[in-house]
Every structure is written in structure tokens, then in C-alpha cells.
Amino acid sequence: MRSPEVILTLREVTRRFGGLVAVNKLSMDVKEASIHGLIGPNGAGKSTAFDLISGLTTVSTGEICFRGEAITHMAPEARVASGVCRTFQTPKLFDEMTVLDVVATGRHLHNSVGLWGSMFSIGRKRREEAKTVSAAREFLEIVGLLAKEDAPVADLSYGDRRLVEIARALATEPSLLLLDEVTSGLNPVETATVGDLLRNQVRQGLTIVLVEHDMKFVMGLCERITVMNYGSVIADGSPDQIATDPNVIAAYLGSPKDGQRSRRALRSEQLV
Amino acid sequence: MVLARIGIFATLLLSFASSAMAKDFPVGFFGPLSGPAAAYGSESLAGAQLALEEINAGYLGSDKIKLIPADDTASPGVAAQAVQRMIDIDDVVAVVGGSTSAGTAAAIEVTKEAKVPQLSPLAVDSALTLANNPWFARIAQSSTTWAERTAEWLKKDKGAKSVYLLVRNDNFGIPLADAFEKKAKEIGLELKGKIAYEPTSREFRPTLATVASAKPDYIVLWGYYTEAGLMAKQMAEMQIKFPFYVGSAIGIDQYREIAGPSAEGTYGLLYYLAGSIETDAGKKFVQKWNERYHRTPTQYEGMGYDAMYVLADAMKRAAAKGGISKQTIRDEIFNTKAFQGATGPITILSNGDAQRPLPMAELVDGKVKLDTLLK
Amino acid sequence: MNLSLQLLSGLAVGCIYSLVAVGFSMVYRAMGLVNFAQGDLMMVGAFVGYSIIISAPALPFWLVVPFAAALTASLGYVIAQSALWPAIQRGASQTYLVLLTLGIGIVLSNGARLIWGANPRVYPIPLTHETIRVGQYPVPAVYPLIGLTMVVLIVGLHLLFTRTWLGLALRAAADDAQTASIMGVNRRFASAASFALASGIGAAAGVLYAPITFVSADMGMLGIKAFAAAVLGSLGSIPGSVIGGLVIGIGETLGGQLVSSEYQDSLAFLLMIGILLVKPTGLMGKRG
Amino acid sequence: MLRTAKESLSQQNDFASATSQNRNDWIVFAVIVSILWSVPLSLGGFYLYLGLAVAIYAISALGLQTMVGLAGQLSLGHAAFMGIGAYTSVLLQKTLGLPFLVTLAAAGLTAAAAGLLMAQLIRLSGVYFKIATFGFGIVVHQILSNWTALTGGSAGVRGIPVISIIGFQVETRTGLFVCEALTLTLIYGLLVRLSHGKIGRAFRAIGQNEAAARSVGIPVPRYRMIVITLGCAIAGIAGAYLPHLMRFLSPESFTWYESLTCLIMITVGGLGSLPGAIIGAAVLIVAPEYLRDFAQYKMLAFGVLLVASMILLPKGIAGAGAALSRRKRIHAR
């Protein structure tokens, strides 16, 4: 039985590319207003899992439920409308826009002007546009980039690009946010800022799934963690359970015999 | 003495007056000078320029013609714009030009609107003169004439009973083929079949195989020289042998190069064949061209030369009758009767079409040899 | 007329399409761009071959092919280094790259028209008009040479890509930029080398095609059909390009009789679009 | 969220600066439109004729710019849609005697329908779609040349009817120019409006990164279809004027080379810039008139211009102008 506060459920979701099984019978439950980690070595299938949940790739078999409704075959834009939004492993922005414009694209579904309105309406278009811009500013303020709103995104540092992407995702007002390696390329200060930002958002009711390599970040932030290797789930549990799971340690650091040393390594990584 | 003085003075005055009245008449020339069809435009321009040198050396008395050439790249839009510019900015009194059918068709609408006479050296599309456009004439025969003369010649001179038609699918090939088909039916020349091919085609083996299986007496092509060359070449490679009629392609060097030895024995109808015109004007032109360029003139060079002269002749008559204007030039162009041109005597008919001899030729020993001069 | 003869000429033209299509595919894999100038490079190669024949009439024809290919490859190398690489490095969009190669194509074809003239050129060698007998059929003497060159080039490319360091490096640079940089391969060099190689192959195709027809500045339009061949067989796959080229070559020759010749060009593209709608990655394409 | 008064004040200023780009677009619009209206009409004669040609191709280039420059949907068969518009309009005028305003709308609608048909091919992935648009152009040209019963085939259509608008006969060049310039102004203005705000942002997002555009909820396939249809409809409207300029209509005005010319126009003018499309059309039509003695180098020059502008000025003439004015502004500060 699904507990009432579960917002996202994956049931034996599988994705094959030709002969290769990128995601194999992935099942997981994500609780509302929590941070859920999805970790695993390179090539484990985490980003593919994100593509499946966000709809950029089609599911071969299995089912994805969001708020109790199957979204398995829904178009990606429809999933955004129902409250699922994602970021990418390397930030995908719109390189010829300004920071404000990029975040404003996140308000697309919240602006009621259509093709004709965009050409022929005067007052409504202006009002809607003003709403879009002021909302975009609010989200820029949340990530602390309001001062750079007029800068072309092409001129931003890597860390700022990440933040703009997060602001753009938040601007869609999702109830589930999928963050793909949100800390890679960030310095420790920026990482800490992002951590605080996410905690703050969760406190306001947002659910987050994190694909992450920074163990310290994951262990410190997540309530629950799912570990994948070669497309399959090898462990699922609280950060403490994961840190001591022999399968996880083996997956990260080779054979199970080296368990003791690996565990220490995992712990020490936490301490870095 | 006094009288003599007055006489001298009067002569001086007159010559001064006439030189003051001598005018440069701007005349436009357009045709494809670049692109794949450049040969038509640039060769007829070269012919026109030689004629112009002679004309400006006193043919119009002290008057001169100033030629304004433009490139139409064989595109209708560019042709219309180029001609419009000649009329609006250069204020031309006449336009010589139109080498490709599409370019000419667009240009005649411009000259008609502006009431400027246009004389085309090469355009053959019969639709051009069917529109009853009083401002357009040409010295080339219409496609109907080309096709009908060919059909008659095949039937009467060559005793052909059946033909197979190959047609370039554009407004050069289609009107020729249609007129040919009609005439063939009329005179009882059997049409074994007709295949229209795309202008971009280079592989004709399947088509030729179909043609060969129909066993016609003659294969008649209405297309460009490149296709004619490839067809002759591919027929030879397939070891198919039928008498092959290639139209004006026969007079083009590149046709013979592409076809190679297989060009031998093909027939064609030319605009003009150097040496086929036995009149003084015909001989003088070939001789002059030889002196200047050390070769015989091509058919397009001959046509360009004559177009310029027909225009100059009309201007000369207009001047004699009281003045050169667009209207009088037009009238006199349409009054052209048996003008002794380098390409033969030329008469302009009331619809703007021309009457002129057409040389039917055969390739013998790599040389274009006159078969008959069709009057 | 008999079928086998038609099949032979379809095969010969198909080989030409294949070679140009292989060039398309190599460039697409190495640089991720659709090179609309590929057909024009073939045309330049054919003209270069013409100039070689004119200036060195004693040179045997089979030697003209590598010389013309080498010269055109150098031109391709310069184009890739000077015009294409800066755009690729900047991460320019596909649209931009297509427009860039279109522009290069215009420059090449109109430049060639100014250099070699607007009239078509015919190779002044006996081979142009010679035929030989294959069994009982007369075929142009250049056909065996086309087949041979095709086999040599494809085997050569296979060996290059599987046996030599350069080939492995080029493949690595195309497939996995990280591995390539570990191997010490300069991506810029690898891209330019692939482009040059593709230009050279295109030039060889042009020189071999010339005796069948003639050389003219608008010959590059043939490249568009070769592109359809590459797409048909799956863009980026060399065996796919070869098969696509042969399919289009034979299909055109045999299909010419079956379908209306007025719509020949349309049919080639409708066929391509149809196949793509059924199988979006081409005949040899893998899923996903 | 709490905001101090000072913050909200600065926000208002920021709002002004964010809309300043929009204001600049309208200033450029005003400048371009006033040049467009004043120069050909005051010079008259052949310049008016050039103005007619520029206006037609500027309209067409605006359509292409919206598709290619703004939304990144490359079309290699744009001239075909001008052809569809031209033939639709003229044939309806000639055979049914419909008034020009009706046939103009019909031209836009038919071209839009054909564009929508082509847009179905967006199922094909990026590169394949591009070559399919090329194929589409070839197919349309062949239909125009071969469907003799309807289009008159390669011989073309003669006797183009005079434009008549609610009883007024547009017989003079000036009259035709006023019609064209009105159409151009209207379309340019609507496209500037479209490019501002939500829809324009969505188009640009799709053009710059499709996956990211989907990730924020922009319905990418639908928007791609919309922009392709829109661009083609505009080409159809431009095409409807062409026969009235040339007084003759032939399939040869809608070949691959014409499509290529349209692409060169928007690239030289600046990919993605609406004024750039108009500037590009003007440059490509007017410049050859001043270089008539070098006619044989024309296409070579266009090719060189295309490559050079892509390498040296990736944002075209309009982009260079904008960059220059930005630099000036910065210096002024």
C-alpha cells in the first residue's frame, strides 16, 4: 500500500537502448516534502532515470505515478504542468538570453497569453508580462542572482549558470524537483548556499530528488537514498543504512572483500 | 566668291548643327552572362558588340548607339528587374535581348508596360508572340516553326516514317515538342512515343533502352546540348544506333566533346551556320569574324550580330522618316522586310515572329556540314 | 534492352553516390555537421583532375585520381581549419553550420565557374569514349576502374579506422572527446583531417564520374542525391552510406522506366522521406 | 516575501531596464519603417521598383527569420511557399475574379496549410528534417512546373490581373508600393510584438535548447509546428505580391536558388533579428544594381558574404549595429 504522503512512485521501470538495459526494473517511492537521493557510480542509469521521470525518454516497461496518477506516457511539458520539473547534468540554458529572460521562460505555463494575444492584445499582454517578470525576479532573488538579471547567461560563471537553472526550474512552481548533479562544478561556499536553499524550499513543501556525486552533500541533506548500479537498485534506505550497506560499498569501491577499508573510505569522503 | 563663302559657311554651320544634333541612343542588352546558360547570353552579346562597332562607325550617320548590357542569370525575376532599370534609369530607346525563354517571358511584360521595343536574338518559345504584344519582336523563329520545319524535313527529305520524341521538361522543350507532335500528326509521321525528362538528368540509359525497343526511324530530341551529348554518348556505349536529331546542339563545340565519336552523323537545325549564307552580308560577317577572332562565328554570335543590325536598320529608317523614338523604332522593326543580315534575309512578321532561312546540318568528320537550307 | 546492362550502369553511378555519401557520413560523425559543400568538393575534385590531365597529358588516368584527391583534400583541410573549426568550437547551432557549409558550397561552385568557365568540360582522354566488353555487354571502360577504386577506398578506410593510430584517433575524437584527449588527439586536427579525407574521397568520386559525363560547376547538385543516399543508409555509418548509394544508383536506373520521368527528382526525396518516417534512423540505423 | 521600500523601488527601475530592449526594438522599427516608406516614394522611378522588390523579399525574409533565426527551425525550401502563395492568389484572381484582399488571405492560408503539412515532418530528427524541407521545396517546384492544367506549367502565367481593393484599382507603381509597404509594416509590427513576451521567449528557447525548453513546460512540438506554419504563411503573403511586380509568373522564380537567397538575406542581416531580415533583403536586392559591371561575380560575392558574415559577424549586420550602439552607450556612461 502506498502511504498517503508518497508523491512519486516508480514501479519496475525499465528502459532499453537496443540491447543495452540502461534502467532495469527501477522501483522507488519518494515522500512528499523530502529530499530523496539517487546515487550510484558513473553509468548506473541515474540520469536516464531522470529522463524517464521528466518524460524526455520513453519508458520501455513499467509505470511512473505522480500524486497517484500514472504519468508514464505523458508528454514532458504536460508533466511540468502537473508539477514535475528537472535540471540537467550540465546546465542547459538559453545561451543568447539574459538571466531574467531565462528564468522568465520558467513562467511559461503561468502566463495565459497565447499566440494571438501575443500579437493583438494590448492590456492583458502587458499585465501578464509584468506578472511574469516580477515572478521571475522573485525566483532570481531566492538564488541570489537578482543583481545579474540583465547579464547575458553566456557571460556567467559555471556556478551562476547552475543557480539560474535552479531558479528557472523553481519558477515553474513544481511540487517535485529533479536536480541532476546540482553541486558539480560549485565551490564549497556555493555548495553550502545551494544546500541551504534546498532545505528552505523543502520546508515550504517542495519535494526534491537529487542525483549527486558529492557524498557529503547527499548524506547531509537526504532523508532517504536509493542506490543504483548497472541500471538496477542495489540498496534503498536512510543515509546511515546506505553508508554501511556492503553492496553499496562494493559497488563504489570494488569487491566486497575490501569492505572494511571501503567503508572507511566512504566515511572519510563524508568528512572531507 | 561671296556665294562660295556663304556656301562654305553654310556647310560649316550645317555640319556643326548636325554634330550638335548627333545623339547617343542608349539601347539595353540582357541575357544570361553568368551561370549554366551563360554561353547563350555572352556569345550573342559578343556578336552584338561587333555589329555595334560597325554601326557606330557611321551606319546611323553621326548618331551612335550606346549599348548597356545586363546579366539576367536566366532567372525571370532578375531579367524583369534588369530591364526595368534600363528603362527607368538609362532611358533606353530599345532593348535587345532574351536568350532563355523564362527570362524573356518576364522581360516582355516590362517592355510592353513601358512601351519600349524589344528585339530578341534567340528566344524561341512560341507563347512569346502569341500574346499579341506589339512591342516584342524576334529574329529567331518561333518554336513552332523550328518543330514544323524539322517534321517536314524528316518526312520529305529523309523519308522517315516514325520518330521517338525526347523532351526537356521545361518551357524550352515542351512547346517545341507539342508543335512537333501536332505537325507530325498532320503530315502522317508516326510518333512511336514521347518521354519528357528532368533538366537535371544525366543518366539516360533507361530512357534510351525504352526508345530503342520501339525501333523508330529517327530519335528527335528537344533539349540542351549537354543532354544531347550525354544521350549520344550513352547510346554509343549501349551500342544502340538510330539516326539522332539534336536541334541547335549540333552547332555547339561542347556537344561534340561530350558525345565524342558518337556525335558523328547526328542531325540538327541551327539558328545559323557560318558559311551557309551565300549573300554578301553573310560572307562579309564570317570574314570579319575570322580576322578578329581567328575562328568562324557560332550560331549565337551570328544571331546577336544580326539582332543589333535589324535594330540599327529600323532606327536608320525611322530617322529618315522624321525621327527616332521608341514608337518609330517599334514601327520600323515591324516593317523589316528581307533585311540582308549575316544570317540570311530577315523579315519580321506582323505578330513579331521572323522569317529567315534555317540551316539543317549533319555532323560529318567532326564538322558541321550543311544538309539543306530551309527557307 | 537487357536488365543486366542497366544493373551495371546503376551500380557504377551508385558507387559514385556511395563515395560522396561516405564523405557526408565521415564529416557528420567527426564534426557533427551536415556538410552541404560535399557535392561541391566533388566538383572541385573533378575540375582539379581536368587541370591535371591538361597540364600532364602523359600521366596515366589511375594516377590522376590520387593526385586530384590529395589536392582537394588539402583544400578541404584549409576550409575545415579556417571556416568550420571556429564555428564548431564556439558550439554553433546546426542551423548555423548548415548555412555555413551552404555558403562554402556557393563560393566553391561559383569560384570554379570563374576559374574553369561556365561551359562543361570533357576529359580529353580516350577513356571517356572507350567501351569494353563484360561478358556479352559493352560497358564504358571506366566502370571497372570505378568498382576497383570503390573497393580499394572502402577497404582502405576500414584498415585506416581499425588498424592505424590515426584512424583510431579520428574515431576516438568523433565518438568520445574525453578518450581522445587522453590519447593526446587534438580535436581540431582530427576534425580537419576527417574533413580533408572526406574531401579527398569526394574528389576521387568526381574524377571517376567525369569520364561518364562531363564536369561543370553545377555538378555539386549531385551531392544532394548522395546526401539522400547517406540518409537512406543511416547518416554516420560508412557501410550504411555505401548501401544507400548503391540503392539510389540502381533504383534510379531501374526506376526511371517504371515511374514518370518528369517527377524523378521528387521521387528520390519522397522515397527518402518515406523511409525515414518508417525507420527514423535510416536503413542501417540502430534504435535510440 | 518581505521587501523593503528601497528594494521595491530598485525593482521598478529594473523593470524599466528589462523593457528597454523592447523599447529599442520599437525605435528600430520606427527607423526602418520610416526609411522604408520615405526613400522609395521620394526617389521614385526605378528606386520605387527596387522598393517593391525589397518589400516583397523583406516580408518573405521576415517569415523565414521567425522560423530560422528566432525558433531555430531551418527551412531549405522557403521559396516554394512564396510560389504556393503567388499561384494561389493569381489563379483565384484570374479564374474566379476574387478581390485581391481575399486572394491575399487565401495565399497566406494555402501556404500555411502547406507549411503545416511540412511541419508534420518534425517527427524526423533534426538533420533529417532539414533535408526533408529541401525535398519539399523540390517537390513543390516540380508540381508547379508539371501540373500544366492548373498552373500553366513551365510556360508560366501571363496577363496578371490588376489589384483591386474595395473598388480601387491599384494600377500605378506607387499604389502597389503602398499596399506592399502596409503589409510589410503590419507583419513586421506583429512579429515584433510576437517576439516580445511569452511566445517570443518560448520560440527563442526552442531555438536555443530544445530539451531545456521542454523541461520548463513549453510544448515544443506544437510550437515548432506553429512557427513553421506562421513562417510559411508569411512567405505565401509575400509571394502573392510577386506576380504583380513582375506582371508574369513562372515556376523559375521559386527554385532552390531563391530559397538559398532568402537564407542568405537573413544570415547577412543577422540570424534572429527581425530588422536584420529587412536589411538583408535590401542589401541583396539593391547591391547588385550598383555592381552591375561585376555581374558574373554576383553569386560568388553572395557566397563570400554569407561565409564572411557568419565567421566575422555571427549576428549579421543588425547584430553589428546593435553591438556598436551598445558600446557607445557604455562609453557614454
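When the chains are written out, they are named A, B, C and D in that same order, and each has its own residue count from 1.
Here is the rule we go by: a residue touches a chain if its C-beta (ideal position, glycine included) is under 8 Å from a C-beta of that chain, and two chains touch if they have at least 3 such contacts.
Treat the numbers as computed from the prediction; the structure is a model and nothing was measured.
Think of each touching pair as a link: the shortest run of links from subunit B to subunit C has 1 of them. Looking at the partners of subunit B and subunit D together, the chains they share are C. When chain centres are defined as mean Cα coordinates, A lies farthest from subunit B.
The central chain here, found by comparing per-chain C-alpha centres with the mean of all protein C-alpha atoms, is D. Centre to centre, using the average C-alpha position, subunit A and subunit C are separated by 45 Å. Taking each chain's centre as the average of its CA atoms, subunit C and subunit D sit 34 Å apart. Chain centres here are Cα means. That of subunit A falls 74 Å from that of subunit B. Note on chain placement: the centre of subunit A and the centre of subunit D lie 40 Å apart, centres being C-alpha means.
Multi-chain contact residues of subunit C (touching two or more other chains) are listed as 113, 262, 265.
In subunit A, the residues that touch at least two other chains are 95.
The set of subunit B residues touching two or more other chains comprises 34-35, 38, 169, 198. Subunit C contributes residues 28, 34, 83, 86-87, 90, 92-96, 98-100, 102-111, 113-114, 224, 227-228, 231, 235, 262-263, 265-266, 268-270, 272-273, 276-277, 280-281 to its touches with subunit D in the complex.
Residue ranges of subunit D in contact with subunit A, taken from their complex: 1, 11, 14-15, 17-18, 190, 193-194, 196-202, 204-205, 208-209, 211-220, 226, 272. Of all the residues in subunit C, the ones that touch subunit B in their complex are 1, 5-6, 9, 13, 113, 118-120, 122, 124, 128-129, 131, 138-140, 213-214, 216-218, 221-222, 252-257, 261-262, 264-265. Of all residues in subunit D, those touching subunit B in their complex are 45-46, 49-50, 53, 142, 145-146, 153-156, 158-159, 242, 245-248, 250, 252-253, 257-258, 289, 292, 295-296, 298-299. Of all residues in subunit A, only 54-56, 75-77, 80-81, 85-88, 92-97, 100-101, 104-109, 111, 113-115, 118-120, 125, 128-130, 132-134, 137-138, 141, 146, 149-150, 168-169, 171-172 touch subunit D in the complex they form.
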